[in-house]
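Sharing a structure with you now.
For reference, chains read A, B, C and D in written order, and residue numbers begin at 1 within each chain.
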Amino acid sequence: MSTMTMAKAINAGLRRALAADPKVLLAGEDIGKLGGVFRVTEHLQSEFGADRVIDSPLAESGIVGTALGMALRGYRPVVEIQFDGFVYPAFDQIVSQVSRMHFRSHGRLSVPMVIRIPYGGGIGAIEHHSESPEAYFAHTPGLRVVTPSTPSDAYWMIQQAIAADDPVIFLEPKRRYHEKGEVDPEAQPLPLHQARVVKTGQDATLLCYGPMVRTGVEAAIAAAEEGRDLEVIDLRTLSPLDDDTILTSVARTGRAIVVHEAAGSGGIGAEIAARIQERCFYALQAPVLRVTGYDIPYPPSRTEDGFLPDLDRVLDAVDRSLAY
Amino acid sequence: MSTMTMAKAINAGLRRALAADPKVLLAGEDIGKLGGVFRVTEHLQSEFGADRVIDSPLAESGIVGTALGMALRGYRPVVEIQFDGFVYPAFDQIVSQVSRMHFRSHGRLSVPMVIRIPYGGGIGAIEHHSESPEAYFAHTPGLRVVTPSTPSDAYWMIQQAIAADDPVIFLEPKRRYHEKGEVDPEAQPLPLHQARVVKTGQDATLLCYGPMVRTGVEAAIAAAEEGRDLEVIDLRTLSPLDDDTILTSVARTGRAIVVHEAAGSGGIGAEIAARIQERCFYALQAPVLRVTGYDIPYPPSRTEDGFLPDLDRVLDAVDRSLAY
Amino acid sequence: MSLEELTSPTARQDFIQLLDAEGNRVEHPDFRYTGTDDDLAASLRDMVLARRIDAEATALQRKGELGLWPPMLGQEAAQVGSAHAVGPLDEVVPSYREHGVAWCMGVDPLELLGTFRGTSMVDWDSRAKRFHLYSFVIGTQTLHAVGMAMAMQRDGLVGNDDPADNGAAIVYFGDGATSQGDVNEAFIFAASYAAPVVFFCQNNQWAISEPIALQSRIPLYRRAAGFGFPGVRVDGNDVLAVQAVTHWALERARAGEGPTLIEAYTYRMGAHTTSDDPTKYRRASELEEWKAKDPIARLTTYLRSTGAIDDAWSAALQDESDILAQRLRAGCTSLAEPQLADQWDRVYADLPPGLASQRDQYRAYAESFEEAR
Amino acid sequence: MSLEELTSPTARQDFIQLLDAEGNRVEHPDFRYTGTDDDLAASLRDMVLARRIDAEATALQRKGELGLWPPMLGQEAAQVGSAHAVGPLDEVVPSYREHGVAWCMGVDPLELLGTFRGTSMVDWDSRAKRFHLYSFVIGTQTLHAVGMAMAMQRDGLVGNDDPADNGAAIVYFGDGATSQGDVNEAFIFAASYAAPVVFFCQNNQWAISEPIALQSRIPLYRRAAGFGFPGVRVDGNDVLAVQAVTHWALERARAGEGPTLIEAYTYRMGAHTTSDDPTKYRRASELEEWKAKDPIARLTTYLRSTGAIDDAWSAALQDESDILAQRLRAGCTSLAEPQLADQWDRVYADLPPGLASQRDQYRAYAESFEEAR
């Protein structure tokens, strides 16, 4: 058991995966000597060699496309996209090739590949460095989309993602990279595709993921002071969604609020709201509410505090939900 | 007033736009002498010259990126993506550049550009030729996403899209290209961003667009025989959605069924369901149901009849909705 | 040849030819065909049968048995010649028109038909055949091939003392494909890592209706030099030259000397696909000119002139071809009909529970529906 | 020079230099600087002020006033030299490090700061300045520039008899950017349409931590030949050579002779951005070697040697520089704070009703919140 940041936890998880399986490879821009711009791959090239921790030319489609080729020969590539906003040049390879190779080959081929993407805002960055592209990937059959919210989950989930035989979009909430938590390398981790009830509660269910889990927990604590007992769920997997955990909770509380940074329209919250109302119709005491980024491009960073869901916006939604 | 196919109607709309404004340009693969693989641009190059109807090298990112450059100097480029499945190489240019240039420039620059995409299945095609990528674009702030369902709408909407100062993703339901309808060049068209009530009804609202409008209307006719009075709405605009028309209808009928070809998870139906339950919570007598493509890649064409929403699946959903 | 020589735009190997259009063997200072006339007869056989497969598939499409077919008519030498250079550890990554390569790699042509009949995505076992899935998004497969080549480097299959231990990847794409970003990125990755890959571009002069001049103002093979590896142009209708050049390029790759771009200069004698109408965009005379360069005719002329083949040989081949055609016609209509319910199991290696229940619901719905009939 | 000559890898103009690192003018057979020493003094002034802007911005970042800054230290000659070749009808399309070009194009350096302070997206009026928005997704802007050049062709701004009627686009990008598909597609479109565009690549040897050798095994300028247009390498720390070469390339473009790739061989003397730590990946000695080639030092030496500038000139420039720096420091902290409520109006030319009500709801929420405080 030790305390470490999420960035270090992913580093430790990658190290363990590299050590355990010679087929595991890392590739990406600046991941070698520099250890990545967030230092998530720090020291891994010197430990495992430049053949296994590969600095790639500056071309995301090339990175993903060649990784797919390596996967087809039995490797388990883990590629890093330097920032969320730079995944789009690789979009074609991801949605038309990586996600479908298993399907196209009638199940003969598989693509055990992980695409790591630091994502989300809140770090005062310039444009294209604070995006939340998860809905694009979650709408794409054949991909798995997961995101940890704590160092411990990050440590385990990256290893589980690497071990998975399907392509996994691994979203790393960059503004939580430097937050610390306990990591127990002997623990028995939760399965990759299961949501976690972070806090149980009776009055309403807060559904959040990645960078917003901390916000959700803080909101629950604040709400408790006002006598409101919120259940907080960390989704962890955005595709496939863990319907059981979500629906069981909302069936009980009758109220749900989804929180994410991405634009609301067509976001993960839309799918969750649609599912909940489909399957918990009679149990719902209020509409599923969404607290999300607005339907505008990520704004100049000095306005991001207003753009990103925060404690107050979540509590405001709780109020509105409970008012039904 | 004349009767023509949708493909000819778009051709006629493009011709009128080219004739009316010298700044209108077309670009794309094979759109010149060949007139496009669907002949939508037939004869336009010989009429307006190769400088205005431009055959492009085989590179979608290049087509969209250069069109953006032309738009920045005052042109109104209309680019053709040959098939839905080939838009992804241009995804970065579309979501990170085209959609944001107005925003990035604080409103100083605008991008009056149309991206035409023949989309959807039902034509027995090989893979990558039957995709429905609309949700990716609808989740992207700064883009407008529209789709006609009839020759008349196609004729007018393409002209309105070209006249719009915002970038417009113009989705053409390819399996309806050869269906005929009336086109009146003297008519007063509906505004581009308004849905149309195709048929009024009391019992439930069918929300459909593009290729599915015909299916929706057929379902309504069949349902009428069983004494069920369905309202059918042709959304026409997928982003922004015409909330007024949608919500007014569902507030009245209390039931809604969204129909589309794209995968259900994270599709347009999710957003519509989420909005309806948010804003018509008390009016809803049944959950908003979705009849969509399944969450799998587009399957071999000899299974597409089962994959695509059809009359029976829509009626089945109507039954389920009315059973609540 | 040195890299400098190979990348020089004025190098004399501008158009490598070993068998001219009239069926005469010609000398080239750098390349020669090392096989026997019997080997060439085997190539001719493959070319003839590949053409027959193509013709039958085209006919099956006309009869409505296939939804679409992209004919390879005219490209037999480029495909068979290059495929004959493929070694036992090599990987072949096709585009969508490589029916001749598929044939040489042992893919049952019936398996090719499934994709175009709509009964399957891609039917053959790409790993067993070392012939990857057809690829329909132009250019994407070039990156996959480079990745496979990078994997071979890591597998220790490159630059070994014993050439039998070495392998490489060869990837096929068209002239139009060279405009795609992915193809150029593939050049970059391959050059950067000196990956053992051969870029085999069939310049058939057209990308649907677009002539090569729209994609490149200069000969395509010269693209490679700017990325730091050799590019060569070979007469794509000359199976000897194609095989010799491909052999050389694959050897370079396997030895660890890095990538090569081969531009096989050929012609798409048919339509782009059965949906296409080339009269809209190209002169009939162009086809006539290229007919005079037919790859099968010239090889037949040559082999007859040397006596390697005779009437009996041709008659036997004709029989073999007829039997194959017959098998294709019969086999096509009896390809198993796909079941939608089966498709869910192919989306993920481990089917998620939500998707399993979606499949089950579909199945129940479809069955209820069948019962109701 | 003919195209053949220009695209030959052995051409003698391998490294065009007109002022060596010691400040001596040198001859080149094909290029010469046509300006006066006074013109050069004006270039020196721009280089010195650009360096000062860069230094102040770096300092402002250190003080926490900017979130980030990408220093251009060392690239002054490449930027000022090329910018001085820009004509009145030309369009300039930058990447994100072109602070020196921005300065020459008349952009108020305070406007540069807003982007990096997080007060704005991009502040300047790109059309009025003919200096397009900064671009942060590597390589994308090269296609925009080609599109602008295509627009200029249609505007009748290319190949006119009177050179004053002609224009072209010049686009800036880095050595790393050359690996992106978009950049290579830009080469293809430009070549295909003979678009009036100059591709100005500042090869500063590094793409963050990645050395140029990872992107290309051969000199970058040679990439162009494979696409069918000339590429030249110029000493990017020699403002005379940069200006002469850029002038020539822009003239070619404006005259309708098509694109050129210029590789300005220079060095990023600072960190990639203020977030970067170059000691992790590069030798200190490398920086020392390049310091000896400093673009400002050599031009100062030269102009002092000819007497074009003297102590008084330098002192005046120092004063000007100090005043500019002072203005930047003061101006930075008083840049208007952006309002989130204003952002909605910039998403669409015509704000859709749903978005207007989202904005109004936000505003009401924010106000209620303010009131509640």
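Here, a residue touches a chain if its C-beta (ideal position, glycine included) is under 8 Å from a C-beta of that chain, and two chains touch if they have at least 3 such contacts.
Keep in mind the model is a prediction, meaning the values are calculated, not measured.
More C-beta pairs in contact connect the chains of B-D than those of the other pair, out of A-D and B-D.
The greatest centre-to-centre gap from subunit C, using C-alpha centroids, is found for D.
Note on chain placement: the centre of subunit B and the centre of subunit C lie 36 Å apart, centres being C-alpha means. Each chain gets a centre from the mean of its Cα atoms; for subunit C and subunit D, those two points are 44 Å apart. Centre-to-centre separation of subunit B and subunit D, using mean CA positions: 40 Å. Residue positions of subunit C with contacts to 2 or more other chains are 120-121, 137, 179-182, 185, 188, 192, 214-215, 343, 346-347, 354-355.
Among all residues of subunit A, those that touch two or more other chains are 56-57, 59, 61-62, 85, 88-89, 92, 96, 103-104, 127-128, 141-142, 241, 295-297.
Subunit A makes touch with subunit C in their complex at residues 25, 51, 56-57, 59, 61-62, 64-75, 89, 92-93, 96-97, 101-110, 112, 141-142, 144, 164-166, 193, 240-241, 243-244. Taken together, the subunit A residues at the contact with subunit D in this complex read 29-30, 32-35, 37, 55-59, 61-62, 85-86, 88-89, 124-129, 294-297, 299-304, 306-307, 312-313, 316. Of all residues in subunit C, only 4, 7-10, 178-182, 184-185, 188, 191-192, 214-218, 222-228, 231 touch subunit D in the complex they form.
Those residues of subunit B that touch subunit A in the complex are listed here as 61, 85, 88-89, 91-92, 95-96, 99-100, 103-104, 127-128, 135-136, 138-142, 239, 241, 262-263, 265-271, 273-274, 277-279, 281, 284, 286-290, 295-297, 324. Of all residues in subunit D, only 91, 120-123, 125-127, 132-133, 137, 140, 142-155, 169, 181-182, 185-186, 188-189, 192, 343, 345-350, 352-355 touch subunit B in the complex they form.
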